[in-house]
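I'd like to ask some things about the structure below.
The first chain written gets the first letter, and so on, giving A, B, C and D; residue counts start at 1 in each chain.
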Amino acid sequence: MQLSNKKLDWDQFLQIRQEVLNSWPTGQEVDLEEAVAYQSRIPAYRRFAEKLEQAKKEGITLAQPRAGVALVHEHIELLRYLQDEGGADLLPTTIDSYTRQNRYQEAQSGIEESRSVGRSMLNGFPAVNHGVAACREVVESVKVPVQVRHGTPDARLLTEITLAGGFTAYEGGGISYNIPYAKDVPLERSIRDWQYVDRLVGYYEERGISINREPFGPLTGTLVPPCISHSVAIIEALLAAEQGVKSLTLGYGQCGNLTQDVAAVRSLEELAEEYLGRFGYHDVVITTVFHQWMGGFPQDESKAFGVISWGAATAAMAKATKVIVKTPHEAMGIPTKEANAAGIRATKQVLNMLKDQPLVEFKELQSEKELIKAETRAILEKLLEFGDGDIALGTVRGFQAGIIDVPFAPSRYNAGRLLPARDYQGAVRLLDFGNLPFGEEIKEVHREKIKQRGKAEGRDPSFQMVIDDIYAIGKGMLVGKPR
Amino acid sequence: MEEEKKQLTLVLGVIGADVHAVGNRILEYALTEAGFKVVNIGVMASQEEFINAALETDADAILVSSLYGHGEIDCRGLREKAIEAGIGNIKMYVGGNLVVGKQDWAEVEKKFLAMGFDRAYPPGTMPQQAIDDLLRDFGFTQKC
Amino acid sequence: MQLSNKKLDWDQFLQIRQEVLNSWPTGQEVDLEEAVAYQSRIPAYRRFAEKLEQAKKEGITLAQPRAGVALVHEHIELLRYLQDEGGADLLPTTIDSYTRQNRYQEAQSGIEESRSVGRSMLNGFPAVNHGVAACREVVESVKVPVQVRHGTPDARLLTEITLAGGFTAYEGGGISYNIPYAKDVPLERSIRDWQYVDRLVGYYEERGISINREPFGPLTGTLVPPCISHSVAIIEALLAAEQGVKSLTLGYGQCGNLTQDVAAVRSLEELAEEYLGRFGYHDVVITTVFHQWMGGFPQDESKAFGVISWGAATAAMAKATKVIVKTPHEAMGIPTKEANAAGIRATKQVLNMLKDQPLVEFKELQSEKELIKAETRAILEKLLEFGDGDIALGTVRGFQAGIIDVPFAPSRYNAGRLLPARDYQGAVRLLDFGNLPFGEEIKEVHREKIKQRGKAEGRDPSFQMVIDDIYAIGKGMLVGKPR
Amino acid sequence: MEEEKKQLTLVLGVIGADVHAVGNRILEYALTEAGFKVVNIGVMASQEEFINAALETDADAILVSSLYGHGEIDCRGLREKAIEAGIGNIKMYVGGNLVVGKQDWAEVEKKFLAMGFDRAYPPGTMPQQAIDDLLRDFGFTQKC
């Protein structure tokens, strides 16, 4: 059957479901009715969607770390520490990389090896292997809502287990958890698999259980221009909404230029409202998430604190609903709980100091917003055209044609023709547009701005400039300097 | 010299379930610019893919990246596979964020050298470092 | 003779000078001609004024720590560390509190005790006791310019020794180093003593040696409204210029609200140009210094990094010429060299990332600037009126009358009637105007803004609100919350 | 109780060449609000000023602040001066940033207790802490 953005038929869903639950023994632990009953008993203060909506209403920005270790009790200890010592408003459970690739056998070895060496040998929490009861133990051990964060092209089993396990929010999407996170998974397949995920969430919603869904905004985290991540976010929002998702948090990864970043967060919300409205999804609550710089970090912890704090400041000035927090260990490895809590505390200090200081919409900010909107619309409209009005189909075809293209992505289903580079003020622009369907007017803006930088640096824009920009923040700058 | 360097063929890749593609792309660019023949097998490469690529291209060295933390598990046995394949003497370098968490580098290095790597590199190593070491290890010291 | 803003007669200067140099044995080490010769051999890269002018031209912000310990070699080691490991662009030599009060005997005990216990028992470097040769050893040991930073009402001997000792910049002023730093020193006396200091600097200038002078901007560092510190800065600029000072760096201590802080830095420079021009001082180069939050800091180091980084961001967006850096140890005690360098590195990361991102002058920023200018002019004009056109005299009389008044100052020559409090967005406003000569229009702005906050918090503005604001940043907020 | 508290007279001041006035002002306010009679000798107060104020007002306790780092030098001998003045039993508290730098608090506390202070307080102590301790030390525990 051809891929399309249509709500999955429930019987068909149940059929697929058998296979999914059979793919690893813990799948048998999931009893959907019992899961709904369990979820319905979770108090409001542990429900993600509620807390986000409340924050949106109050105009504040919540702080959420990333965190996950191999063993259940260590993971609980970690989350409690981040809640109590870090002051995290929202908590994560970051899933390990084997689980993300459905390699549960390797995850199992990782669990066992972690037990025997006494430290986590996995880069996250293998929720599938641990199963439903362990997940419930995790979410019940803390006083704030917990989200599953991962990077899994086929996340169906993980979703079944973690939602039955009491998590109230779930990150990912058929594009955002494929293109940056896989090499060989056809987009059509991952979109289908995520339709399953969204359908399951939609089912919980039908039963009165709100589960927050969050497409992964930053993609490869490295010089991704807002229009690219916005396009993906809005596509995934449309896909999710069709399956019945009602609480959506759309994300964007900090680029570093304040005007561009604030414009990005605000335009993202506005564009999402626009497209969801246009396609008739009127009862979806949209919130936003701002990711502190997702690319290479400085090794020095003090400098990392500078990057973290500037991310927090931007999130607050943009009035994102939540901010995902980096840590002073970022460049080195998975953070200790202490380093993780330190990142949250620095972030919260800045968030609190800036909570009543949204950036005013001055002219340059408005034009940046308009630029991002024009770019994003250009991409989305072309994708719709490619899909004969169907965004799912259009997306698959559009990625093939490079109409939408993610810089530095490992996937072979991504054209990989874009070359992003910073302009003179550090905003991310495009040096090579690949096949993006931009008009000359838009292209001229990019060319002009990069030219201005080239002039200031006395060099022609080139791949070397891109490399310099990739290293820049790690080396204590924003705009990469010529050697 | 330029000529001699060209003869060095390097297999480059990111091992395991690791998808960190940015460093790999830069390493490919920098090593190619430096005159090496680079066979880049990309991200999510298995041990077998490394060995096969080395065999097929008669490579002089294998450069393994691991960023995501599972390097310790993923890299174990690579040297043994090389020996089995009859290229036991091939130079093997490894770099990235090799283990889970911020750990003492001397310990980590020891661990990877013990696994059979000729050199191991800490987080944030610049490509030039690998280039210099390659030239040195293959006897081009004077010329650069 | 009545105090007035008139250039000190050279013979009179020399007469006073005898006394000054005789007040402690090391005074005898100063030979003015030899000092001029020594200074003239200092290379440009170690000259403060040059480096500041260069930075102003390039539109970048330099980072400078505070630092000083009791013993010469430890002090040198400290400065080198801050230069090499911190990346400080400019260095300080912070003087200990006994020296600041001319208690050289106690400073001597502190030196000796420091030697015997093996750690600094003084909170700064006792430059007078160490003498000229030791100072030269200090400034020669580093590759960047070094400034004397202190808080000394009568700094005449310290100036003689440190300028002969090769320092190329000197902080302080007759008001800013009296009102916040002393209890019992008549303003008339400290202004006279600082006329001496400025006259000496002016003499060096006559001899072609540029010495940068910096009035101490933040005063008590605690909720000081911009108009108060601006008035003091401009008065001291006028006093210094009259004595022949040519390089002036005017300072302002961060309040925490971005719009107010940027408006403050920019209006300070504009107001200074205005007044210096009006009184005929046309060849003075004005640069600005922004102090990261000078009030109570959070004890937690991560939170402190948040405060530090936000200060750095504001400095960069305001385009201050330099920023004075706090450290993660601020709330606890004099920082170790490691903590000090950490503060610099976090700061520089942010400065670099924001160096090409000055805040656009949007409407609210402009009105904030206009407000600060109107307030400052109101104070300065009334002071001139009080002094029959003489700003020195007017200042003394004005302080008596509370026409200018510094919040929380220890000096009995300060009226101490102001009550500052934050408005809803965290800008510092006035709850009680004391005797400030503000028109109703200005007062209404303050009242309105504080009222808005009171409403939001459901309480009437009161001293409790002020206390809450004093604790606020230390407790992780900007605007103090009601208990 | 309110009455009894009123009878407690406290001498408050910042010792040495220290001009940190903000905490002193807040302490005065908070202690007064709490019902104590506060004799605030302000900043830059010498040991003699503390003792004289205590003598003149027949004070029950002396609260010394030192923020600027010279507390160790400035406070030495205060107890001895009190003894000489015949008020050797007066309660003496000290607080602030007592020493130069971030030092282990347990050590610092020991040092100041050894100097003859009854209580010493680390950086960032809230006035309520002093209020509670005063009430406790003077036997008002139950009532608050």
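By definition in this document, a residue touches a chain if its C-beta (ideal position, glycine included) is under 8 Å from a C-beta of that chain, and two chains touch if they have at least 3 such contacts.
Protein names from UniProt, one per chain: A, C = Glutamate mutase epsilon subunit; B, D = Glutamate mutase sigma subunit.
None of these values were measured; they are calculated from a predicted model.
Looking at chain B and chain D, no chain is in contact with each of them.
Listed by label, the chains that touch chain A and also chain D are C. Between the Cα centres of chain C and chain D there is a gap of 31 Å.
Chain C has its Cα centroid 54 Å from the Cα centroid of chain B. Chain centres here are Cα means. That of chain A falls 45 Å from that of chain C. Chain contacts in this assembly form an open path, with each chain touching only its neighbours along a single line. Inter-chain contacts occur between A-B, A-C, C-D.
Those residues of chain A whose C-beta lies close enough to touch chain B in the complex are 97-98, 100-101, 103, 106, 109-110, 113, 119-123, 151, 180-184, 220, 222, 295-296, 299, 329, 331-336, 339, 408-410, 463, 467, 470, 474. Residues 16-19, 21-22, 25-26, 29, 42-44, 68-70, 72-73, 97, 99-103, 123-124 of chain B touch chain A in their complex. Those residues of chain A lying in contact with chain C across their complex are 256-259, 298, 300-303, 305-310, 312-313, 317, 341-350, 352-357, 360, 362-365, 424-426, 473, 476-479.
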